[in-house]
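Think of it as A, B, C and D in the order they're written, each chain with its own count starting at 1.
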Amino acid sequence: MKKKIPVGILGATGMVGQQYVRLLAGHPWFEVSYVAASPSSAGKKYKDALKNGWFFPECMPESVANLTVCDVADVKRAAKECAFVFSAFEMPDKDAIRAAEESYAAAGMPVFSNASAHRHTEDVPMLIPEINAQHLDIIPAQQKSRGWKRGFIVVKPNCSLQSYIAPIHALLQAGYEVKRVIVTTMQAVSGAGYPGVPSWDMIDNMVPYIGGEEEKTQFEPYKIWGAIEGSVIVPKEDIAISATCTRVPISDGHTASVSFEFGDKPRRPRSGVGVPTGASGKPTVKEIIKVWRSFAGEPQKLGLPMAPQQAIHYREEANRPQPRKDRDADKGMAVVVGRLRECPVLDYRFVGLSHNTVRGAAGGGILNAELAMKKGYIG
Amino acid sequence: MKKKIPVGILGATGMVGQQYVRLLAGHPWFEVSYVAASPSSAGKKYKDALKNGWFFPECMPESVANLTVCDVADVKRAAKECAFVFSAFEMPDKDAIRAAEESYAAAGMPVFSNASAHRHTEDVPMLIPEINAQHLDIIPAQQKSRGWKRGFIVVKPNCSLQSYIAPIHALLQAGYEVKRVIVTTMQAVSGAGYPGVPSWDMIDNMVPYIGGEEEKTQFEPYKIWGAIEGSVIVPKEDIAISATCTRVPISDGHTASVSFEFGDKPRRPRSGVGVPTGASGKPTVKEIIKVWRSFAGEPQKLGLPMAPQQAIHYREEANRPQPRKDRDADKGMAVVVGRLRECPVLDYRFVGLSHNTVRGAAGGGILNAELAMKKGYIG
Amino acid sequence: MKKKIPVGILGATGMVGQQYVRLLAGHPWFEVSYVAASPSSAGKKYKDALKNGWFFPECMPESVANLTVCDVADVKRAAKECAFVFSAFEMPDKDAIRAAEESYAAAGMPVFSNASAHRHTEDVPMLIPEINAQHLDIIPAQQKSRGWKRGFIVVKPNCSLQSYIAPIHALLQAGYEVKRVIVTTMQAVSGAGYPGVPSWDMIDNMVPYIGGEEEKTQFEPYKIWGAIEGSVIVPKEDIAISATCTRVPISDGHTASVSFEFGDKPRRPRSGVGVPTGASGKPTVKEIIKVWRSFAGEPQKLGLPMAPQQAIHYREEANRPQPRKDRDADKGMAVVVGRLRECPVLDYRFVGLSHNTVRGAAGGGILNAELAMKKGYIG
Amino acid sequence: MKKKIPVGILGATGMVGQQYVRLLAGHPWFEVSYVAASPSSAGKKYKDALKNGWFFPECMPESVANLTVCDVADVKRAAKECAFVFSAFEMPDKDAIRAAEESYAAAGMPVFSNASAHRHTEDVPMLIPEINAQHLDIIPAQQKSRGWKRGFIVVKPNCSLQSYIAPIHALLQAGYEVKRVIVTTMQAVSGAGYPGVPSWDMIDNMVPYIGGEEEKTQFEPYKIWGAIEGSVIVPKEDIAISATCTRVPISDGHTASVSFEFGDKPRRPRSGVGVPTGASGKPTVKEIIKVWRSFAGEPQKLGLPMAPQQAIHYREEANRPQPRKDRDADKGMAVVVGRLRECPVLDYRFVGLSHNTVRGAAGGGILNAELAMKKGYIG
C-alpha cells in the first residue's frame, strides 16, 4: 500500500478544523499528521485541547486524538511534518490570517484555506472545482511574483454560494446565458462557527441578517467566473445578483430560494452538452433538469475521492430539498435542488441546498487539495 | 355603559376559533355570546369541548369558558343569540364551508370569514381594511343578488400576504407605480392550524413548500387591488408577483424577503401624501421609509379598536424584524418592516413580518367586523 | 399623585438588566432614574448602549431609552440620583460583584441583587418573599456589623429553585414534614444570559449539565429555610435534596420533575391552615392540591404590586404545565404546578414550572424591594 | 456467497417500517423481500406508497423501492415470500394487531414485533437480548399451547426503557442488588411516530406527559427481569420504579435522568464478573463504571451483526450524553451513559441516552431476530 501524504490543519480545534479531522479519517491519499492552534492549546494532546469538546457524533479518529497540538506560529516544524496544510482559522483578524497563510506558503507548503482573508487577493484562486478548476493555472504566476517555490495559496468561497452557484453554472456551461439572479438564503447556525449564534436568537425565531454575508454572496461568484489575465484573475461581473441572507434555527445545511432570468441573445446551447430548447428560445423545465443531472466537472471526471458522484441532485418531490433530510446527500458534497418552476417575474425559480460545513467548508477544502494533487501541484 | 353586541364564532374550538375568543376578551364593542362547532362538541361547555386544550398562555375568558357549544348546523339558534358571526372553520371541505357561511348570511347574519372558501367569489369582498375598505360597497349588490336582507359575507385574505402587501400598497397609494415583486416567505407553523405540521419536519429542518400557498400569495393581491364593476370585484393584475412559500420552525409570525421594481412611467407621487423623489425618478430609501411610516388607512382614521396605531412599523436595526421579538408589535396587528436597501436586480428589497394568527387571521377578521360596524353595515 | 421612588439598575444593559427595565415600566411605586454599566457603555444613551439590542417584544420604555448610562464605579452619582439599586451584574468575577454591591450599600443605598456573589454571605438574606420574608429582620444586624446606615444587601436565590421550592414549602407550612426531594430540572436558555448557550448545542439537542447549578439548587433552599441566630442566618439542612439540572431548547421557563417523601413523624397539620390527612397519615392528592391553592405568603397578604395573585397555580390537565403556555401565568410570577400523583418510590411526584427571568430573576428582585419597602427598610 | 434469508415487514410504510428498510440495507443475513401495509397501499410500488415520503437522509434502498406493497391481510402470500416478518404496525387498534400477528405465526412465520399489543401476553417473550436472551426458551411452550409449528411471536419493549434498564441490569448481573429507581425521561418526537407530535407543541416548549408511557416504563422491566415458570413468564417486581416521561423538541434520542438505590443485603458481587466494593459495602463510582464498560450480553458474545460492540458506552465529559451527538454511537445500538455521581437522596444518579427508533425500535427488532436465528429458532 502506498504511503499517504502527511497533511496539517491550522486552527484544528475549532468547528471547521474538527470537520477537517472528521472528513479526513480514512482518506485514501491524505493523513492528518499535524495539528496546530493558538499558543494556549500548544503542547496539549489534540483530544485534550478541544475546549468546547468534539462537535460530531462520530468518534474522534484515534490517530489524531493523540497528536500533540503545535503553535500555529511554528511554521518550521510544520514544514518538517507535513506536505501541505489546510487553513481553518476562525480568528477575527484577517490581516493576521493573511500573514500566517503566507508564511506557510513561503516555507514551501501549499495552503488550502477556508478563511476569507485571501478571497479578494488577485493572484489567489478561489475554487469550486466543478466550476473553475482551470484557475489553478495561476499558481506558477502566484509563486513567481511572491518568490515561493513549492508553496502557494488556494482558497474556497463562502458557504452561502454553494446552494445556487452550481445550478446556475451548469446552465451557463450548457450554453444558456443567465443575466439576473435573486436569491434569499436560509442559513444554518454552524455557518457562524462556535459559539456562534446565541440560542436565545434561534429559539422560535430567525434573524434576517448576517453581517458581511450578502456582499460575499454577491461578489464571490464574479471571481469564480472570472478569467486569468496575466498574473491576476479578473472578475466577470456580467450577471446581476441580489442576495438576502438570513439565519434560521437549523444546525447544518444552507437553503436558497432562487429566481433567475436568461439573457436576451439566442439561448441555443453551444455544444452537445446542452439540449434542444423550448419554442420560446428558453430551455424548458425538463431541459434544465437534464442539464443539472448531467452536469459534471473535473472532480467527477478525475474521480476525486471527496467528489460527489453527481454534483447536482434534482429531487422531484414538491417538498424537497429539506436540510435534515438532504444535506448529507453524496457525502454532504452534492448540491440538492428541487422545485424548478416558472417564475412570474424572472424566468425560472428553484430551491437549492448544500451542506455548509462539508461542501461549504472542510469538504470543499479537501476537494481543492485533491484537485491540486491530481493536477501535479503538490509534492 | 352601552350594551355590547353579541357575536358568534363558528369553528370556535380550533386554533383560529380560540384566537378569536382570546382577542375578543374585553373588546369594547363585541361580546362572544355564541360558540359553534361540529356536532361532536355540541352540548358541551366550551372549556370541556377543546379536545386539544386551550392554545394560549392567557387564561381562557371565564365568560366564554362556560358557554354551551352549539352545532354549527343550528343556524336558527345562532340567529337568535348573536348579531353576526366570525367563521373560523378549519374543515378541509370548501364546498361545505361555502354552504354553511351562506346559510348564516341567508338567516340574516353578517359573516366575517377566515376561510378560503369564498375568496374567489366575485361579489364577496376580501378585505385588508387599510387597503381596500371601499370594497365593502359591494355588500348591497351581494345582498340583492342573493336575496339576503341583513346578512352578507366578507372574507379576509391568506396570512402569507400580510408581510408584504401593505408596504407595497403604501407605495402605490403614494403615487409610485410598482410593477414587479419577488417574495420568499418563511412561514410559522401556526399557519397550518392544529395539529398542522408534524414536529418531525420542524426540528433541525425547514420545508420549502406549502401546498396551495404560492397560488394564494400571488393571486389574492389582485382581488384586493381590484375594482368594483357593477356587482363584481374585478381583479387588477398589473403587478407581476412571484412567491416562494416555505415553512420554518417558528410558532407564530410570517417573515418575507421581498424585492420589487417600480414601473417605467414617471414616478411622481400624485398628491401631497408622497414625497419628492430621487434624481433617478425613483424614491430614495428615506422617502420610502417616510411613506411607510406615514401610511394610514381607514382603521387608523376611524380609530377602530383592533387597528394598530401605526399600520407599518419600520425598524432601523440591521437585524430586524425578527418573529419572536416583533410579531406582537401594536397588538400583533402591525406589519414590521426592516432592511430596506437597493436591490442589484430589481429596484429595492426589504424584509417584512406580520403575526399570522393575529393580523393574518382572527385579528384581521375582527378588524373587518369593526370596519363594517363603523360603516353601518351591521344591525 | 405621589411621587415615585427613583431607582437604579446596575448592569442595566445585560439580559437581566433589560428585564428590570421592562418590568419596572409603569410600576406604581418605583421609577427607573439611573442605569449603570461597564465603562465602555458609560456616557451613551441607554438605547444606544445595548450592544446586543433590546431583547424583548415590548417596546423599550421611552423614559429609560434616553437615560445616560453611568459607570458602575461612580457610586456617588448613583447615591444622588436614586434611592436604591437593583444589581443585575453578569460579569464572571464574583469578588468584583461582591465589592461593588458593598460599595453601594456603604454609600447608603439598599441593594437588591440577582447575582450569586452574596448568596453565601451569612448576614445577607436570600429571599423568596412568600417563604422567608422574616429574614429581612437581619438587616439591622447586617448594617450594624458593617457600619452601614441606610444601605444593606438583599439577594434572591437561583432561578432553578423556583419551580419546586414553593410547592414543598407550602406543605411544610401546612404542617407536613418533607424529608427527601429528588428533582430533575429542564431549564431554559435565558438562564445562561446572553450570548449564553450556543445555538449549535440547542438545535435537535439538550445538554444534561449546567456548571454549578446543581450545587446551588441543592444548597440554597437550606439557607432560605434557615433561622436567624444572632447576626447570621443558619441554614436548615434537614431535607435531603438531589438535583439534576439540564438545559433544553426553550427560551424562557424552567420545568422541574419532582418526587418527594414525607417524614416519619405524625403528619398532622399543626394548625387550621392544613387539612385532614388520609388514612395512611399522609395527605391525599386532594389535600395537597388544596394546600397549594390556598398557599399565600407576605406578598399576597400585603398586596405587593409584583406579587402573583396566587403564588401556586395548580393545573388539572394531564399535559400541563408547559413552558410556552404557562410561564407567563400571573405576570410570570406564579409557580405553575401539575401532574401531582403518587410516586412508586417516594411518596408523591409533580411537575413545576416558573419563569426564570421574571419570577426567577428581575421580577423576584422587584418583589424583594417591594417587601423591604412595605416593611419600612427603604427611605 | 450464502443466500440471504428473505424477510417481510408489516406496516412497512410507516416511520418504524421505513427504519427497518433502512437498517436492513446491506444486512449480512437478511434481505427484505416482502413489504406489507394497509389495503390502500397494496399494489403500489414501495417508493410510491409512502404518502409522507421517505423519512431518512440515506437513499431508499433500490431493491426495496421497487417491491410491490402487499395487503397485510394476505398472510398466504407472505408465507410464500418470506421466512419471517417484522411487525411495525402503527395502527391504534391493539386487538387488530394482536390478531394479525397471530395469523402470521399460525401460518408458520416467526414474528418479531415492535407493537405493544403482545407485550403483556404471558407466553410471549419481551426481549432486550443483552438482558433476557434466555426468555427465547419459552418459544416451544408458546408454539405448543397455540398449535403453531414454525411460527412464534417475540416482542421488544417500549423505547423509553432503553436509556436506563441496561445500566441497572449490568449492576444486577454483577451481583449488586438495586431496590429503587426514579427516572425522568426527556423523549424525542420520533417516539410518537408520524405525524405524531404537532410542531405547535414542540417549538419553544416541552410537554411533561406522554399518554400510557409511564405505565409501560414502570411495568415492562418487571417482565424483562421475570422468570419462565412452566409456560409463562412471571414478572419480577422487586424493584420499585418511578417514571416521569416528558416530550422535548428533539428528533431522535431519548434521555433519562436516573437516581437509584441499592438494597440492604450485602452487596458483594456473586462472581468474578463484579469488582471489589467500597468500604460502605456499596460499589464506588469507579467500580460501577467498570461494571458498565465490561457489560456484555449474548449479542456481544455471539457477535450478532446488529449488536453494538459495547452495550454501554460511558462518557467522562461532564456534559454528555447529548442526543444529537451521542444517539448514533455504535450504529445507534449502544446506550450512552454519563454523569454517574452520588445522589443525596438515593445512592447514585446518572444520565442515560439511547436512540429510540434504532435501539428502541427497528434496530432492537432486528437484534431479536438475529438472536433467534443464531439460537436456531428460525428455519
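Throughout what follows, a contact is a pair of C-beta atoms (placed from the backbone, for glycine too) under 8 Å apart; a residue touches a chain by one contact, two chains touch by 3 or more.
None of the values given here were measured: they were computed from a predicted structure.
Annotation, chain A versus chain D: rotation angle of 180 degrees from the Cα superposition, expressed as a multiple of 5. The chain pair C-D and the chain pair B-C differ in C-beta contact count, and the higher one is C-D. Rounded to whole angstrom, the centroid-to-centroid distance between chain B and chain C, based on C-alpha atoms, equals 41 Å. Note on chain placement: the centre of chain A and the centre of chain C lie 48 Å apart, centres being C-alpha means. In terms of their C-alpha centroids, the spacing between chain C and chain D amounts to 43 Å. In chain D, 55, 201, 203-204, 249-251, 319-320, 324-325 are the positions where the chain touches two or more neighbouring chains simultaneously.
For chain B in complex with chain A, the residues that touch the partner chain are 180-182, 184, 186, 201, 203-209, 211, 218, 240-242, 244, 246, 248-251, 255, 257, 259, 318-325, 338-339, 343-346, 349, 351. Chain D meets chain B in the complex at residues 15, 55, 189-190, 194-204, 249-251, 324. Interface residues of chain D facing chain A in the complex, by the touch rule stated above, are 53, 55-58, 203-204, 251, 317, 319-320, 324-329.
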